[in-house]
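Here the structure is laid out as structure tokens; the discussion comes afterwards.
Chains here go by letter, A, B, C and D, matching the order in which they are written, and residues are numbered from 1 within each.
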């Protein structure tokens, strides 16, 4: 049994708390939040759990072996460094840090202290994303052509980040997990309609080697919620719609047949339209799988699926996108 | 009764022919196509119609008052110039020309010859797009924030143009018609998976004055067909889904309420979620409305809704997008 | 503060428990269930709550003012009678009873004891159903023509009831609440593929006065989940899709125009197709609204929106449907 | 080359005419319609085709080898008898006749005259329905449990039939083609809101042997168009949505696992949720396939896929449904 403390009981913290409380390999030992109102709520739900307004006190508690941090991005670096220094294993909300430099420092500290550092790239623990990864790794799609994601809704404006750091981070985490390549250049555009320094909608193109291209559309001001990703390959194509109650992944046996490259614009090009197939998916709550995996990594010394390195790679792309967005799409190397 | 000749009886020409044949104010007098097979088909359908393999012969026919040109883009300039010189009125497929210079020459020639030159921006004649224009002009949306379009499918590769000149042209034509502003800068990215010189998927961002931003996603290699546009304003937002059999336009009374700019990131920001409303639309075939309008312009000397100027503006943006795409998103002034 | 005990902690009981626990006007004082495993779960969630394996003990507790009963239908009558005799107010799961006679006895007992008896017709407390009721009461639909509901899924076979008593009961409860008329005759068909005495799919037609007709399609063996109701009137029609995340209700301004009855089959009949409109709905959890209303009725002596009489009317129709179903659709008076 | 005459150029006749005109094995030789306006339209489209206001004249033309009849149901019997007597092969719109007796007379006459009599059960010639038939014949679904169809829209009221004879006939024709069993009893309900003798909405249950049950919901007064069929079997289930542009058929690997019948209501019943699969379908226009098949039957003496017997069986069920509907669902043997 691993005794876990949750730091930050705002929007995401309650989900972490609930999962560590219900897991048979962990206990929810303590909670901290700067708001007394939030702590009141937490105490009603978890009468046996210790609560603190100051996370330093939680970190000073020697009975706590691991912490889950769900605080604003700007605070990730100091809290994580202090937690690692206190010997705690850390599960850290995404994005890992506000800068690559901060992320690198955390990775180094975790290595030095020999502690688990898991970045909460939640989607990587869904049945849907794990299935997509398998399909790509098995070569079912053939050559990869594109990865296109739309993630829009009428969303809460975040206090300390723009829409790219809030929403695109999900897609970058997924791509980092499922794609065998890394982006080499980024072109991003966007607009801040309320605060010119904080974009509320953005379009991000990622260029990869091998002619693979990715694109993310994120928007906090859309009238409808969309969570849809198209992945195109030479042999098959995937539509991943996370809002579908079932059949979240549809695999289309579609493409074009070209005997040789010269013929592509001749009348001999033929389109191939075959069957569609929706694999049955594991519908376990992703965060439950992730929390269980975190505890497992602590108990058996295994390497997290989404560790500091994955978190760092995502932050590097976010930094490049932010730079490009300031110059209206000028390409920036990652 | 206006006697119309149709030049090009491939993919789009048959639709033009059918509409001019059925219109009570026009007759389908002649057809030309370089393929004897296509002419055979045309003769079976229109036994009374003269057919030519050489469009020069059609243009030499003095009984023909107007021509509709549905040939590859590269041929638009010479055929149109010859038609105008022969005194014919011209309805010209989109995009108007392969270059702004060519478009300008055609506009000048039409003005000199005092002939009608209508560019076939078909969507501008749909009930849906006309309704969107009214909603924007009436100020129903409030301040315009964004225009976002997705136009993807498993499509026929065009012989002489890339996907931007083939598909994005529709959205540029619509935007030219419905938006009160003109784009000032373009950033475009894309990929050519079969021919590196011809992109088969592309992402185009358009920057306008007043912080309005537009984005087009076009793709010839998508497993599913999507024709969906989101238009966001400060007071209302539109979802325009052209594949919906009815309810193509949904107007959402959604947005955010901010008392003053400083408060936007405070907890006082409130999201507004009101009713949704789908106006009943005129479902007349757009091309019928357009062909009727073309004949009307000829008979009454009125100015076409989508004349050479509109066609030219669209071509200018296409040129800027092509230049930006070569430099991976570097912004280009229009 | 009303002290509430929940009897039955299986599928539905946890929802009742959670709502009474979180409501500011009630406390969750006790829980009973025959399964020790379920009680264990309950104790982890509500450490301060008393738990019993025998509901008689719970009912003997004088501190409990009201009980919510979520046990199999066959047990509703004895438990409710005992609870009322013990002076408790009762919130009772649907269907109210296995027979009209049993329902009548409960109503009489509640009246005698002057206790609140609320039947848990949950859907009547949703924003969607309340809005439909308003639209019908305001006459927005004109003359009512039909009410058609589909409620199918791959569902859990119930232990003690068939699919009509399990699923159609929802629609009967909604109709009882929103329609100004009562059914006078029922024709029902169905099939029991696993147990010929327990139908797993059924079709129920209800005949009303005024030429209103209703139909329910319920099925435990459908590959997809559907929750869709069409309500047709002479002036407007409603589509109510409970699985839509938003826009659950769409009101269509559609119908036919007939100048006089003789003309209906002549070519002069004209179909009217106007706008569609989706009113914004209150999305509060229905069970929260219902539990709050139950406490309110206890505290202020008001009559429940869905009391014993509503429950009884629903049971009468269920009984008629069961009789008709045995005779393959022979009509049965209600 | 078979010379075909089309009798009736109203709603459906133009589709028959177009297909026989374009088929390489037939010519459209003549057309008849009582309306001069309709004949004018026909002459503009088919300048070489002979036209008659009186179908007797068309039938007297010895050059016509076959006729396609698309007139009101009440006229099917006399026109078909006259056509067969004149030695013509007949393609006859659905429903075949207004009574089983009339249908039997036509079948007898066709046999006597040794002419092809094909009933236009169009859906049986679609790729979707042919695929469903294959899946059922191959045993892919296992034991058949139910066939459930919804066919509703805001439709044109028919002049001479009610909604069952207009819309349910499609489903009866499909069932006759794909199901290995025949219905033995029918229970139907419905309502006529404008003319009490002509129902504008109806619900029809068909009982088969082997515990298979079918249900049809047809409605001319629905605000939205639905064409959706669920077919449930012990091993697999089908959703057939004819309005889907692609993926019209989805095959779900879903069902329940019961080790023995006694266990069904115990907790050991397990639901099986496997993959979904949408087979690629032949999208050729059904009527083209049907017209080609009709010509083929004439030329090679083969038996039509949907001959008089199929048409008769459908009419018998329609008659039973009409009788049941008058008695509010009382079951009627077929």
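Please note the rule applied: a residue touches a chain if its C-beta (ideal position, glycine included) is under 8 Å from a C-beta of that chain, and two chains touch if they have at least 3 such contacts.
Small disclaimer: the values here were computed from a predicted structure and weren't measured.
Undergrad: When you check each chain against chain A and chain D, which touch both of them?
TA: B, C
Undergrad: Relative to chain B, which chain has the most distant C-alpha mean position?
TA: Chain centre farthest from chain B's centre: C.
Undergrad: Return the distance between the CA-based centres of chain B and chain D, expressed in whole Å.
TA: That gives a centre separation of 41 Å.
Undergrad: Where the centres are mean C-alpha positions, what is the separation of chain B from chain C, in Å?
TA: 52
Undergrad: So which stretches of chain A touch two or more other chains?
TA: Only 224, 246, 273 qualify.
Undergrad: Spell out the part of chain D that touches chain C in their complex, as residue ranges.
TA: Touch residues, chain D against chain C: 145-146, 148, 150, 152, 154, 156-159, 185, 187, 189-191, 193-195, 198, 201, 203, 205, 207, 211, 213, 215, 217, 219, 221-224, 230, 232, 234, 237-239, 250, 252, 254-256, 258, 261, 264-265, 269, 271, 273, 324, 327-331.
Undergrad: Within the complex, which stretch of chain C touches chain A?
TA: 47-48, 224-225, 243, 245-246
Undergrad: Of all residues in chain B, which touch chain C in the complex?
TA: Chain B residues touching chain C: 246-247, 253, 273-280.
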